[in-house]
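One chain, chain A, appears in both complexes that follow, with chain B as partner in the first and chain C in the second.
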Partner chain A sequence: MKLKTRNLKEYCWGYAFVAPLIIGLILFLLYPLVSAVVYSFSDYDLFHKPEFVGFANYANVFKDAVFWKSFKNILLYSLSVPVTIFVSLILSVVMNQDLKGMKTYRLIYFIPMVCSSVAVMFIWKWMYAPYYGLLDSFFTKMGWKAPLFLDKDHFIGSMVTIALWGGLGGRILLFTPTLRNISSSLYEAARLDGAGWWQIFFRITFPSISPITFYLFITGMTGVLQEFTNFNVISGGVFSETTIVPVWYIYLYTGEYGYQFGYASALGIVYGLVLTVFVIINFMAQKWWVKYD
Partner chain B sequence: MIEKNALNELKKYKAKRVLAKVLTYVLLTLCAALILIPFLFAFVTSFTEPMGIFDFKWIPSPITTENYEKLFTDYNILGGLLNTLIYILPPITIGVLTSAMAAYGFARVRFPGRNLLFFSTLATVLVPGIITMIPSFVMYANIYNWVGTPLPLIVPGLFGAAMTMFFMKQYIEGIPKSLEEAAFIDGMSRGGVFFRIILPLSKTALIAQFVLSFNGAYNDYLGPLLYVGTKEELFTLQLVLQKIQTKGNTPYTLMTAGAVMALIPTLTMFIFAQRYFIEGIVMTGLKE
Partner chain C sequence: MKRMKKLALVFAALTAISSVGFSACGKKEKKISFEFSVDDVLAEYDASQYVYTGEPCTVTMSHWDSAGPMEKATTELVLEGFHKRYPTIKVELDIISNYSETYAKTIASGKLHDVFMVADGEFRIWAEGGKMQNLTPFLSTSTILTSELIENDMLDGALERYYFGEQNTLLCFPKDIGPMVLYYNKDIFTRMGVELPPSDRIMTIEEATKMWKSLTKTENGKTSIYGLASMTSEGLVWSAGGDYLNDDRTAFPTEEADINALKKAYTFLQKAVCEDKFIPDGAVSGGLSGMDMFCAEKAATIVGGRWEVSNLRTLDFNWDIAYVPAFEGENMKKNYWSGSVGYAMFNGSKNKEAAWKVIEYFGSPEGQALLAASGFSVPIYESVAYDENVLEREKALGPQNYEVFIESAKGQPAGTHTYIPSQRWLKEGYNALAANLYALDASERWSVDKYLEEVKNKLNNGFLR
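After this line comes the complex of A and B, so read on.
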């Protein structure tokens, strides 16, 4: 009997500890999640009762040229993720030496990561400004013809550059401890066997860092594919075929594009499913290249 | 002869090492310069007169503070900063605490349904935010009538976050059980153990999570835009900043001054709490 009351007390503590988080998730995540599904099958504008329309919203998503244009834009932009990971890896390998000052370099590379996107975009908008921006002056000084960095042909490239500039520090920070943990005896053995630099990299270094690379790729992609702020701020809040991205497009249905919440929910679900499928495929494909010890 | 050869080889080897060292520093310094130049360019621009940008000089003549003055007189930058702090401090302080509480519950307390609840909580992390953006907006508009108030930015965070809970759990699992057991023998309750033993021992993790959450919330733009974007008196600092540029008008000297102002709080925190930033990132990974 005594044991039972003691157990009961323990259960109560357990539920009490986890209750706030669980309640919060039900109220502010589960409820919207379920209503997303309900709305996506209805015509709903906030002022009238939702009206069931079957799959009409989903059919329209697939015919929505602007949405697919925004999807194309963000896919091109997402190239910044592998590029950033690759450059960070090179820098991390270079920094993985017993040399003075490496910590300082790591801190400098990290600075952009703590800066607000709005501030960073202001700075880069000025960097990219036609005629007077720093890059334009630099190109002119070198005798090259400066392009319009934010026009439709260069916009995504310029955005990728910003992502690279801002994304190195965090990745380097995560590569560093992993690289340091690779046992030096492995390298010595390989060198004694006459392995070259490339062989050492692909046989020893890369397998050891593949889990963190996989992690960086997945989190990077899901983050970048839901990017909004950078695109919105650098284009001054004015969207065009060049600057529109999925989250921004869906956001437009909370005001500018009227209140078509049924359709906007369907857009959100379709895009969310695209992201989820992408993650699942990658988890299945990781057995081909990710080595966990 | 053999000795001389060996000596030459050694010299060559040493020369190679020195060359590699020099190249390393050249590359790393070049990259550091590329990271810092945009900041420097913006910083100098912010002290330049509006017309000075057409003939940019690295040392502006005259050096002016008019851009900064204008930020205080024409834009409500202090109000924006104050709003930001009012909106973000309650959810991140209390949110880190409630997350830690749940983490302790999942890590050390046995109760029926614990695993099911834990894995369901963890699964929510996988739901892409874009799915719930629209229905959340509808919910705050319809059920709570909170659109046009900062409450959607404040209240949900008070309940904690699954991600923070998960990493706090990892940390708490590393605290030896024997410490708790000793406290139980002394008659301390579960609650007492959490507040007097677990929380103080998790200080590093708590601060790291706090620092990262602060940085994320301070820099958030989409959330405030959705919920207070139509009410200028409720603007966060990021929204005040964005208002400096208008359609077709980009006053770069003002924009860069605004950027510099907005960077001061997070950069200061980064300088003083580097350790926690780094620990937090290594512990939590990158949140984007």
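After this line comes the complex of A and C, so read on.
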């Protein structure tokens, strides 16, 4: 009897602790998701009753050239994720060598992580600015012609550079302890067998850190594919086919484009499905390169 | 079990401490004070006209603070005057961030404030929500907002943008009007030996082109100062006698006059950017806004709204204002657009009489005098705008040609953003495609005819929904 009462109490406490999360998920994820699916089949602008339109919104999504252009932009921008992971891995390996001053370097790389994202964007905007921007001044002093960092030919490249700069610290922070946890005996045995640096890296180091690499890749990609603020701030909110990204485009339909929540929902659902398929493919593909043991 | 309880207690304590901490942070807002008392302004008006015979009540009111703490302070200032005139009506003011987006959803929910603010850009689609009270019956019986006052004293265009539907129903009453003018850097004009633009008339585009060319400074192929930071096409198209859409705003215009005006306006802009180079190309200015360039003294002039003044007053160089140049002709006064916000009444309000008193007070000469005294906006009445005290104070703070604001407001209509509820036709149509007119590589550059043809294709294929 005593045991039963104790079990019941534990159950109650358990449910009490998870309740806020479950309620939050239902209210702020499940309910909006179901609503969005329902609205996506309707013509709904907030001010008139939704009218059922079947798959018309979805058909329009597939014909929407701007949406797919924005998708292309974000795919190009997402190249920043593997690039950042690769650079931070190399830097982590270097920093793992117990050389003098490595803690200071680690701190320097980590600083962008603790800065406000919008404030950082404004600083980059100033650095990229023609005439008085830091980079423009640097190029001019060196006697070179400064490129227009934010024109249509360089915009995505400039955004990738910002993502690279901002993304190193967090990744280095995760890679460093993982690298330290790799048993030194593995390295010693490899060296005794005559393995070179690259062999050691690809046969020991990389497999050992592949779970964290996979985690960083998936979270990095899903984060980048939902990017909006940085593009909006750097472009000064000016719409163009170079600066637009999917989430920004969807956002336009929930306001400036006449509160067309029906179509915005369809855009959101299609984009969400694309992201889901991307994540599923990556989870399926991980068995080829992620080693958990 | 005990450990879990302890954990829960610690979590709760941390939450409470952080909540107190954060709320304490929020209370550090700096209070804005004005150099005059509300009583001084009220003393100039007849107290007997403010009569309310209804029951004492509380009226709720929503407002944005997009212009920062100053906007909130000015609204509270007018409400202070209101409470002195109507002590039995209490107004509860809700300042809402991200107002346009948030309040659209509030309208959809049906739980509105008794009085709510509406920007002219959102007016049409919000009006379609059917939650706004017809104000005509209230206005027709008002002893303060008389037809004489509106016809003789109100600046043209302030009221007409708030009529809606086939019945032409008045659904909002304007609080202010924000005209657009040409801001210029006096120091650059002096350094370059260029004559200042006139303050008593609108310059023609031909005159202005000469001025802007003279102000542009180019050395070794690199332009260090542009004559004009940026200019959109509205004033050019309108003053040339045309418009962007057909009469019922359902398609690209078909009238020859409209198309010729569009050609004239965009030909001027293309030449200004690509040949004369006194306006920077969007790519050259990069992520910089025109105002950024003007403030950095990289452009001698810029077209901007009244709301830029508080920012410009902090600059180190001397500046003033002139009329936005336009094409010569009978439509010259339509040289740009003006912005405005107004107040609407919720048609489900239980305190309609009291709610009207709030709207009426903000729109009254006394309410406008309080707004003007705060220096925040251009009043909707000529008599208040030309008040000696207002003029003296505004001119002392800058700009010296303050009258240009008032006179500009008289002729400037509401902007293209008010044409139809969705802005897609502008953003993805006219604006986004315009980048092709200014392509740096001449071989990639579109002719104005091709540009207008492409815009027409977009607008007539679902972009005007």
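To be clear about the criterion, the second predicted complex is superposed on the first by the 275 of 293 C-alpha atoms of A that agree within 3 Å, B and C clash if a C-alpha of one lies under 4 Å from a C-alpha of the other, contacts with A are read in each partner's own complex, and residues count from 1 in each chain.
Convention: a residue touches a chain if its C-beta (ideal position, glycine included) is under 8 Å from a C-beta of that chain, and two chains touch if they have at least 3 such contacts.
The model shown is predicted, which means the values in this text are computed figures rather than measured ones.
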Room on chain A for both chain B and chain C (clash or fit) = clash
For A:V66, decide between first (touching chain B), second (touching chain C), both and neither.
-> second
Quick one: classify A:G236 as touching chain B (first), chain C (second), both or neither.
-> both
Once the structures are superposed on A, label A:F86 by its partner contacts, choosing first (chain B), second (chain C), both or neither.
-> neither
If you stack the two complexes on chain A, which partner ends up touching A:W13: first (chain B), second (chain C), both, or neither?
-> both
A:F202 contacts which: chain B (first), chain C (second), both, neither?
-> neither
Chain A: partner with more touched residues, chain B or chain C = B
Have a look at where A:F55 lands relative to chain B and chain C in the superposition and call it first, second, both or neither.
-> neither
Would you sort A:Y257 into first (chain B), second (chain C), both or neither based on which partner it touches?
-> second
Figure out whether A:L150 sits in contact with chain B (first) or chain C (second), or with both, or with neither.
-> second
Identify the partner contact of A:F47: answer first if only chain B is touched, second if only chain C is, both if each is, neither if none is.
-> second
Chain B collision site on chain C, chosen from 42-50, 60-68, 114-122 or 456-464, when both complexes are overlaid on chain A | 60-68
List the residues of chain A that touch chain B in one complex and chain C in the other.
-> 10, 13, 17, 46, 125, 129, 132, 236, 238, 254
Report the residues of chain C in contact with chain A in the complex, numbered from low to high.
-> 1, 4, 8, 100-101, 104-105, 107-108, 125-126, 128-130, 224, 282-289, 292-293, 296, 298, 420-424, 427-428, 431-432, 435, 440, 465
Touching residues on chain A, where the partner in the complex is chain C | 9-10, 13, 17, 45-48, 66, 125, 128-133, 148-152, 234-236, 238-241, 252, 254-260
Over in the complex, which chain A residues touch chain B? Could you list them?
-> 10-11, 13-18, 20-25, 27-33, 35-36, 39, 44, 46, 91, 94-95, 97, 99, 101-102, 105, 107-112, 114-120, 122-127, 129, 132, 134, 137, 165, 168-171, 173-174, 177, 215-216, 219-220, 222-224, 226, 228-229, 232-233, 236-238, 246-247, 250-251, 253-254, 261, 264-265, 267-269, 271-272, 275-276, 279
Could you pull out which chain B residues touch chain A in their complex?
-> 21, 24-25, 27-28, 31-32, 34-39, 41-42, 45, 53-54, 56, 98-99, 101-102, 104-106, 109-112, 114, 117, 121, 124, 126-139, 141-142, 155-156, 158-162, 165, 189-191, 194, 215, 218-219, 221-222, 225-226, 237-238, 241-242, 244-248, 250, 252, 255-256, 258-260, 262-263, 266-267, 269-270, 274, 277-278, 281-282, 285-288
